[in-house]
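Residue numbering begins at 1 within each chain, and the chains themselves are lettered A, B and C in the order written.
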Amino acid sequence: MLDVAGLRKVYEGQGHRVEAIADLTFRVGTGEFACLVGPSGCGKTTLLRCLAGLLAPTAGMVRVDGVPVAGPPPELAVVFQEYGRSLFPWLRVRENVELPLRAKGLPKARRQSIVDDALAAVGLADAGRAYPWQLSGGMQQRVAIARAVGYHPRVLLMDEPFAAVDAQTRADLEDLIRDVWRRLSVTLLFVTHDIDEAVYLGQRVIVLSAAPSTVDADLAVDLPDERDQLSTRADPRFTDLRTQVWSRIKRTTALEASP
Amino acid sequence: MIVRRTVALLGLPAVLVAAWWVASAGSTDFYRPPLARILAAFRDTWFGRRLLDDVAPSLARLAVGYTVALCAGIALGVAIGASPRLRALTEPVLEFLRAIPPPVLVPVVILVAGIGDLMKVLVIVSGCLWPVLLNTVEGVRAIDPTLADTARVYHIGGTLRLRRLVLRAASPQIVTGARQALSIGIILMVISEMFAASSGLGFTVVQFQRSFAIPEMWSGVLLLGLLGVLLSLGFRAVEARVLGWYHGLRAVARGSR
Amino acid sequence: MKAWLGVLGLLVFGGVLEALPRLGLVPAGYLPPPSRIAVALADQAHQPTFWAALGDTLRTWLTGLAIAVAAGLACGVVIGSVPLLREATASTVEFLRPIPSVALIPLAVLLYGTGIRATLLLVVYAAFWQVLVQVLHGVGDVDPVARDTADSYRLGRLARMRYLVWPTALPYALTGVRLATSVALVLAVTGELVIGTPGLGREIAVAQSSGAVPAMYALVVVTGLLGVAANLVTRAAERRALVWHPAVRT
C-alpha cells in the first residue's frame, strides 16, 4: 500500500547542505500497523512530509496504492504532532471535523452523520460545540484523530502525535488508536521516538539510523493482537522486543558519536 | 459590586461634565459659552434638516469609501501575501505609499476629480486602503505552516481554503488594519469637507467657526466627537463577533503561561 | 535577491507612472511623469521657502510628538500602577480616545489662530492617546508571578518600577511611540493644509491652488519620504531595544 524506494532528501541552503535522508526503502502492506522509530533528529518528520506529498524528495519515489506521490495523495490523512496548530482555532470542534468532508463535496446530512460517528469514536460526542483551545491537549489530539477518522482514509500517517501529552492521557490515546486502526482497517504508519510506544502499538517496528538516515532494522512484533497497557507491557516478549530495538538505536547513535 | 462598577464607569465622566457645566455656567466669555447654551445649540442645529442635508451625506461617503477600501485592500492583500515573490516586488512601493500622510492626497485628488462626492470618496479610499492592504499582507504571510499543511493534506482548496483558512487566519491583522483605516477615514471625511466643499459635516462646522456662531461651532465639535465614539463602539461590536475565537485563544494562552 | 526584487518593483512603478502621461493615457496636467516631478523637486531644493517649510513641519511634528510622548508616558505609568485610578479613568479614556482630533480644528483656530500652537494642539491630542493606551497595556501586562516575587522580597517602589514595570512596559511604550510618530506627522500636515499653519502642508495647498502641479507632487513625495524615514527610525529603535531587553512581546 505504502511503497518507499530509494528515498533521499537533501536540504540545500545558502552555502551549506544537510542530508536528512540518505537512502530509504521499505513498504507497508495494506491494513498493516507499522511504527517508525529512530534517534531524535534522524529525519523522521522529513520522511513523513515526503510520504504525505508535502515535500518533494531529492531522489527516489514514494507510491501510495501503486500511484507515485506528487502532492498530497487522496485517501491519505495525517495527524500532526502539534495538535494546537493543526486544528483551526476559529472553527468549533464539529466544524474542524467537517471541513475536509466539505472539501470532498459531501451533502450536509451525510457530513453530519459522519461527524457524529467520528466524534463518538474518539469519545468526544459532547464536545462538538466547543472550540479546540477550550479543550485539554489530549482532547485536542482526539479531535485531530476524529478529523482523520471522518475523512475515511486508506492510509493514515501519524507524526509523534502523543509526544506532548501526559502519561495517563497517552496510554488512553494509544488504546484509542489501536481501536481506530482495527475499526477502519486502515494502513497506519506511526512515527515516534518512544520505543515502548512503538512496540506496544505496532505489528512491525522499523528502526531508522541517525541522520542521514537509512533503515537500520525491521522487526516483526509477534505479540497477541489484543493488547493491554498492563499485561502486554509485562509480557516477557514485549521486554525482549523493546531491548532489541533499544540496542539497535543505541548502536546507531554510538556509531554517530565515535566516527 | 454593581454599584462599585457603575461608579467606576460613570463617576469620572459625570464629574467632568458637571465641572464643565458649573465652570461655564455664568460664562460671558464669547469663545467659551455655557455648556447649557452649547447643548441647546446642539438640539436646534443638528436635529432637523441638517441631519439629512449635512450629516447623512458625510456618513454615506465615509461608508462607501471605507467599504471600497476594505474590499480592495483585503483582495489585494491576499493576492500579495500569498506570493513571496510578489511581496518582495511590491514591498518598497507599498511602504512608500503607506507613509504618505493621507491628508496631502486631498489636493491631489481635487486636481483629478474636482470637489464633488467622487473626490471625497476617492480621498477616503486612497487613505484607508494602505493600512488594510499592508496588514492583510502581513496576516496572510504569517499563516501557520502546520495549518497550511493540514489544508493541503485534506485537499481543502479554492474558495473553501480562502474562506476557512486564509481570511480567518489573517483576520486579527485585517481587523487591526481596518481599525486604523476607520480613524483615518473619519479624519479624511472631515478635512475633505473642510478643505473644499459646500455642504457636509466638516464644511458646516468650519462655517460656524468662520461666522463666529460659537455655540453652534462647539455643538459641531461635540457631534464630531460623538460620531467618532459611536463608530468606534460599532467597530468593537463587530470585532467581538469576528475575533471572538482569537480573544478566547489569547486568554487561554495567557492563563497557562 | 529580495532587495533586488524590491528595487525592480520601484523601477516598474516609476516606469508605469512615467509611461501613463507620456502615452497620453492620463493627462499630464493631472499626473506629471516622475521625471518632471524630480525636476520640480530639484527646483524646490534651491528655494529657501521649501527649506523653511520643511523646517516648520519638522518642528511642529517633533515638538508635538515630544509633548505627547512625555505626557503619555507619565500619565500611563501613574494611572497604570494605581488600580483605583485605572478603574476610574478607563471609561473616560475609552470615550476621549476615539474623538477624531480633526474635530478640534475649529476650536484650535478660534483659540490660537493659524499659528503653530493650533496645529500642535491637534498633533498632541492625536499622538497622546497612542502612547497612553500602549503604556497602560504594558503596565497592566506585568507578570503576576513576578509581581508576587517582588512583593515577597519587599521590593521598594522605585526598585519595583526599575526592575518590574519598566522592562515589561518598554516594548509597549515603543510601539506607542512608533504609532504616535506617524499619527503626529499626519496631523501636523493636516493642520498646515487645513488651518494654514506654516509648513509643507500649506505649501502643497498653495501649489495646488496656483496650478503648480509638478511642485505639488514633489512636495507630496517629500512628505512621503518623511513618513518612510519615521517608520525606519522607529522600527530600528524598537528592534534595538528588544535585542538587549529580556522582555520580548508575543
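What we mean here is this: a residue touches a chain if its C-beta (ideal position, glycine included) is under 8 Å from a C-beta of that chain, and two chains touch if they have at least 3 such contacts.
Bear in mind the structure is a predicted one, so any value in this text is a computation, not a measurement.
Viewed as a network of touching protein chains, the structure reduces to a simple linear path.
Of all chains present, the one whose mean CA position sits nearest the global mean of protein CA atoms is B.
Distance from the chain A centre to the chain B centre is 48 Å, each centre being the mean of its Cα atoms. For this pair, chain B with chain C, the centres built from the Cα atoms lie 17 Å apart.
Distance between chain centres (mean CA atoms), chain A to chain C: 51 Å.
Against chain B, in their complex, chain C makes its touches with residues 1-2, 5-10, 12-13, 30-31, 87-92, 95, 97-107, 109-111, 182, 185-186, 189-190, 193-194, 200-201, 204-205, 207-208, 213, 216-217, 219-220, 223-228, 230-231.
Against chain B, the residues of chain A that register as touching in their complex are 49, 52-54, 71-72, 74, 76-78, 80, 82, 85-86, 88-91, 99-100, 102-104, 131, 133-134, 147, 151.
On the side of chain B, the complex with chain C involves touching residues 8-13, 16, 31, 85, 88-93, 95-108, 110-112, 183-184, 186-187, 190-191, 194-195, 202, 205-206, 208-209, 214, 217-218, 220-221, 224-225, 227-229, 231-232.
Interface residues of chain B, counted against chain A in their complex, comprise 144, 146-147, 149-150, 152-157, 160, 164-165, 168-169, 171, 245-246, 248-249, 252-253.
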